[in-house]
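Shared chain: chain A. Partners: chain B in the first complex, chain C in the second.
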Partner chain A sequence: MEMVRNIPFFSIMLAMFSGPVCSVLPGKVARKVNAAVITVVMIMSAVLLRYLVINGESFVYMMGHFPAPWGNEIRAGVLEAGMAMFFCIIMLLSVSGGIKKLYDEVVESKHNLYYVLVGLMLSSLLALVYTNDLFTAYVFVEINTISACGLIMIRENGRTIEAAVRYMIMSLIGSAMILLGICVLYDITGHLLMSNIKESVEVLVSGGRYPEPLLCVVALMSVGLAIKCALFPFHAWLPDAYGYSTVSSAAILSSLVSKGYIFLLIKIIYRVIGFDIYRNSGVIDVLFIFGLAGMIFGSVSAIRENDIRRMIAYSSVAQIGYIFMGIGMGTQFGMVAAIFHMLSHASTKSLLFISAIGLTDVSDGSRKFGPLTGSGYRNRIAGIAFAVGALSMVGVPLFSGFISKLLFAEAAVNLTGRMLPVLIVLGISTILNAIYFMKTVIRIYTPVDDSPYPHVHMRQVPLYAAVLVVFVILNVTLGVMSDFITGLISTGLEMFS
Partner chain B sequence: MSRRKTDEEYSKTRAYKFFRWLKGQTDYTPDETVMDMDLMIPISDATDTVERMKDRQLNIDSVYDENSNKMLRFFAVLYRVVAVMFCIVLAALLVYNVSYLPPVGDPDRPTSNEVPARYIEKGIEETGAVNIVTGMILDYRAFDTFGESNVLFVATITVLVLLRLNKKNERNSESDDAADDHIYEPGDDLILQTVAKFLVPIIMVFGIYVILNGHLSPGGGFSGGAIIGAGLILYLNAFGFEKTERFFTEKTYKWISFFALTTYCLCKAYSFFCGANHLDSHIPLGTPGAILSSGLILILNICVGLVVACTMYTFYVMFRKGDF
Partner chain C sequence: MGPYLTANYAEATAMIMFTIGFANLLLQKNLIKKIIGLNIMDSSVYLFLALKGYITGRTVPIVVDGVTSTEAYINPIPAGLVLTGIVVSVSVSALMLSLTIRLYRRYQTLNLDEISMRLKKEGL
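Up next is the complex of A and B:
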């Protein structure tokens, strides 16, 4: 076997290994170890992606001496490798961009614990991406949940602890639903390995056996994962968790954690239940409707906010709604659009969070719009980056958000029966997005004559500025090279089934 | 953008009177006297913003006070009723769903397929562990168990993040320290100490036995670790932090869990790598039933046991005092 096929295994193990190692190191060294691990995993994933694109087929990797239904197994295809690489890039940028704020907000003796949490979070994301076994997925969902709680509350003030408690309760309900779903599914199929379950489910459906438990499984898993990634009616935990935690955590949570769960859901749809069976189950319509509702209500809540961080957080609700709308369309086009929007949202939302912190820092730490007036002039690089993120979210050409809106619209046109609601809600949501993002951009570029706040030049914050520049480049790359990327996504989806 | 009116101008408009009427301060008739002077917001006194804020807060409090807001009380009750109803309906649906599942103990269940068959028939031969459950969790599906021990590890880390006191800020001097210890330490309880003197060694030895015999008899790292953790907690309760600090501090915790997880990670990484690349791992399985048998399982059991024991003890200490 070629060495390159060991990469998924090495990346998961390396990320998991970095957790205990960081726990015994002092904070500064732990930071370097963590950054090195993320970089190495990123490069390895890129190599794997290249190999898979050239080779043109996915492979499974046996974890141990025993073949699949007995032992554990992981699987790598184009989509998995691409996601792993993308997650690493965003993680590295989010942690580096918020590092200064982290040192201000977290006591020094707990710095290394932050990197433990980040390392384990990365390992769980990688495992969710690569896993081919439902129970392994559940174990890593648990790691993901607990480390996300830690990331939220490491700032240790009242609001973050309250937010973490809320997050934990909601998220554990979601975990419990997923676990129940796995139990029932195991009971009716007798397998935990994804490909075996799929075969059994096909036999069950064609034989007309156990239709009620199967529907129950689909509903439990979809709703459980929807709670965990804050689909519209379950988003109550989101604004506090994203709005008050330290900025790296907010960026990681909004752009990676929810995406990991959505990726798992897509994996379950394609590789466990089967796309056609899932489409005929009726649960997909529920996801579709809640996705549409989330697009509107998330934006409306964002318009009502007077706090920039909470506004960005509410915007996440709307964007998650877009993704679920894409999944709910029930077509290949819709799925490609949803996955592209996952990438687009992940890169844009972390950019917005990180640039917003630069703006609030030059406004006496206040997150209200009043003091933020003119902050785009006081910290130019953060202002430009925020404007780019806002334009991308609204859907201006050249940026990634435009492509995802275009893909959603194209997918809707191919759809019989659901075209009109999708197009109408897409239009309304775009206008609502424009209202609150353009309001913010105009606000930060309204000149004030005698501002009491200091100016920050980008030479004073080189790392932060570099991170923002890379984010902007990433965003434009996604927007400009969209044909190539959607091509990769379609290839990956074909490998799934 | 329209110019904002000053308060004096605003007080002359109809909107101002309408909103005051809405709040129940005056009748909605021009030039009417103010009914309730106490509730009147001092709008004319624009400099006194603090008063305004206070007033605003009072208003908010009265709006969110269940005693004065009937609507809110109604919704609070409605919320509870609907929540309970929802839970009952959900539970009923799940129970109803269970009635469709294959009956327990039926030999034709879908779960009785080739997977458990191989575990039972070839388990001893392939893993060398007489206890098939241990063979399953630490050899066939060792990756899941590694994830599970990392769940424990990350849970301890999260508890440390939340509960560990930040020394510089919150604890100033040694006298504070002593006062703290006095509050959190148990009194010198003679009965407890005498019992603990007998029990703790037995519990420890039993825990070690359960861990070391994990591959031979029921038990293993998770249960044995829990027993050792319980023994440590009992010892702490009887003799206090002063005695436990001699052998168990935060450093001990850190290094033990680092050592255990690293060993687990390296051992399993080696074995996974060999397995996946179809190489011979050269790990002897030994004679099934002997204490030194079943390859890596014994080492992994010890690692899991250490992690579990440390996790339990650390949880207790963190919730009790917030510091080792």
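Up next is the complex of A and C:
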């Protein structure tokens, strides 16, 4: 067996063991260890991605000594390797961009604990991406929830603890539903490995056996995962959790945690239930409608918000709605658009959170729009980065958000019956996005005479500025090289089945 | 519907327990009651799983007297899954309890709605 095939297993293990190691190191060393581990995993995933693209087919890695129906497995294809690499990039940038703020907000004795959580989070995300076993996926969903809760409450005040409790309540309901779904699915198929379940499900459907339990399974898993990634009616926990936690955590939660769950849902659709069976169940229509509703209501809530962090958080609800709309279209094109929007939203939302913190820092720490007036002049790099993120979210050409909107529209045109709702809601949502993001950009670029707040120059915050520049480059790269990336996504989706 | 329910009364019980736990976790205001609801909900899933692994008239999957036929034993995997699940639910319960202690120390109450109201008043 070639060495490169060990990469998925080693990346999960490396990330997981970096956690306990960081817990006994002093803060500064832990930070270096953590950054090194994320970088190594990123490079390894890039190597794996190259190998898979050249080789043209996915592979299965046996965990332990027992073959397929009994043992545990890891599976890697183009989409998995690409996602792992992308998650590592965003994770590294989010942690580095918010590091200064983290050190201000958290007592020094707890600095190293943050890297424990980041390591656990990364390993659970990688495991969700790579695993081929449903019960392993459930266990890592729980690990993900626990580390996300820690990330929210590491900045300890009343707000974050309350947000963490609300997050935990919704998440635990979601994971219990997923677990029940997995149990019922195990009972009717007798398997836990995704590929074996899929074969059994096909036999069950063609024989017309157990239609109701199967529908329950599909509904339980979809709704459970939708609750965990804050699809519209289940988003009540989101604004507090994203709005008050430390900025790195907000960036990681909004751009990675929800994406890990959506990726698991896409894997379940393709590799467990089967795309056609999933499409013929009514659940996909529910996801579609919730997605459309989320696009509107998330944006409306964002417009009404007078707090920049909470506004960006509500914008996440709308963007998750976009992704579920893409999944709900029930076509390959819709799915490609949804996955591209996952990448686009991940890179843009973390950019917005990280740049917003630079703006609030030069406005006396206030997150209200009044004091933020003119902050784009006081911290130029953060202002430019925020403007880029806002333009990308609205869907201006050259940036990634434009491509995802274009892909959604293209996917909708081929669709009978759903074309009109998609195009109308896409239009309305774009206008609403433009209202609140442009309002903010105009606000931060409104000049004020003799402002009492200090100016921050790029040279004073070199790491922060570098992170923002890389984010902007990443965003433009996604926008410019979109053909290449959608090509990779389509290849990856074909490898799924 | 009726005969199925009585024949599978244990599974029906598990589902009723799941609903009770679910409603408690979602609707109770008191944090400790919420955690109790969470544990009822998780236990019901384990009950369901354990039931599905048991086959009447068969024995534990430990080979004695050289009987290796699979017909003689029950399926051991659900038991393993239940154990894993219990470990997970213990850890999330511990986490929830620690969060509850922190909130109680700050606000001297276990009522989540009251805590939210006080937070809004503080305007943090």
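Here, the second predicted complex is superposed on the first by the 497 of 497 C-alpha atoms of A that agree within 3 Å, B and C clash if a C-alpha of one lies under 4 Å from a C-alpha of the other, contacts with A are read in each partner's own complex, and residues count from 1 in each chain.
Here, a residue touches a chain if its C-beta (ideal position, glycine included) is under 8 Å from a C-beta of that chain, and two chains touch if they have at least 3 such contacts.
None of the values given here were measured: they were computed from a predicted structure.
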Item to complete: Applying the touch criterion given at the start, work out whether A:159 contacts chain B, chain C, both or neither, answering first, second, both or neither.
Response: second
Worksheet item: Touching A:142 in the superposition: chain B (first), chain C (second), both, neither?
Response: both
Practice prompt. Give one of first, second, both or neither to describe whether A:23 is in contact with chain B, with chain C, with both, or with none.
Written response: first
Worksheet item: Between chain B (first) and chain C (second), which does A:63 come into contact with in this model arrangement: first, second, both, or neither?
Response: first
Discussion item. Residues of chain A touched by chain B versus by chain C: which partner has the larger set?
Written reply: B
Worksheet entry | Touched partner set for A:173, first chain B, second chain C, both or neither | second
Discussion item. Once chain A of both complexes is superposed, is A:410 in touch with chain B (first), chain C (second), both, or neither?
Written reply: neither
Worksheet item: A:202 contacts which: chain B (first), chain C (second), both, neither?
Response: neither
Worksheet item: Residues on chain A in contact with chain B in one complex and with chain C in the other?
Response: 135, 139, 142, 146, 149, 153, 156, 161, 180, 186-187
Worksheet item: Residues of chain A touching chain B in their complex?
Response: 1, 6, 9, 13, 16-17, 19-21, 23-24, 61-66, 69-72, 107, 109-110, 113, 116-117, 120, 123, 127, 133, 135-136, 139-140, 142-143, 146-147, 149-150, 153-154, 156, 161, 180, 184, 186-191, 200, 210, 212-213, 216
Discussion item. Per the contact definition, I'd like the list of chain A residues that touch chain C in the complex.
Written reply: 135, 139, 142, 145-146, 149, 153, 156-159, 161-162, 164-166, 168-169, 172-173, 176, 179-180, 183, 186-187, 192, 244
Worksheet, complete the sentence: In their shared complex, chain A is touched by residues of chain B numbered 93-94, 97, 100-102, 109-115, 118-119, 126, 139-144, 146-148, 150-151, 153-155, 157-158, 160-162, 164, 166-169, 254-255, 257-258, 261-262, 265, 269, 271-278, 281
Worksheet, complete the sentence: So, in the complex, the side of chain C touching chain A is made of residues 18, 21-22, 25-26, 31, 34, 38, 41-42, 45, 48-49, 52, 77-78, 81, 84-85, 88, 91-92, 95-96, 99-100, 102-103, 106-107, 112, 115-116, 118-119, 122, 124
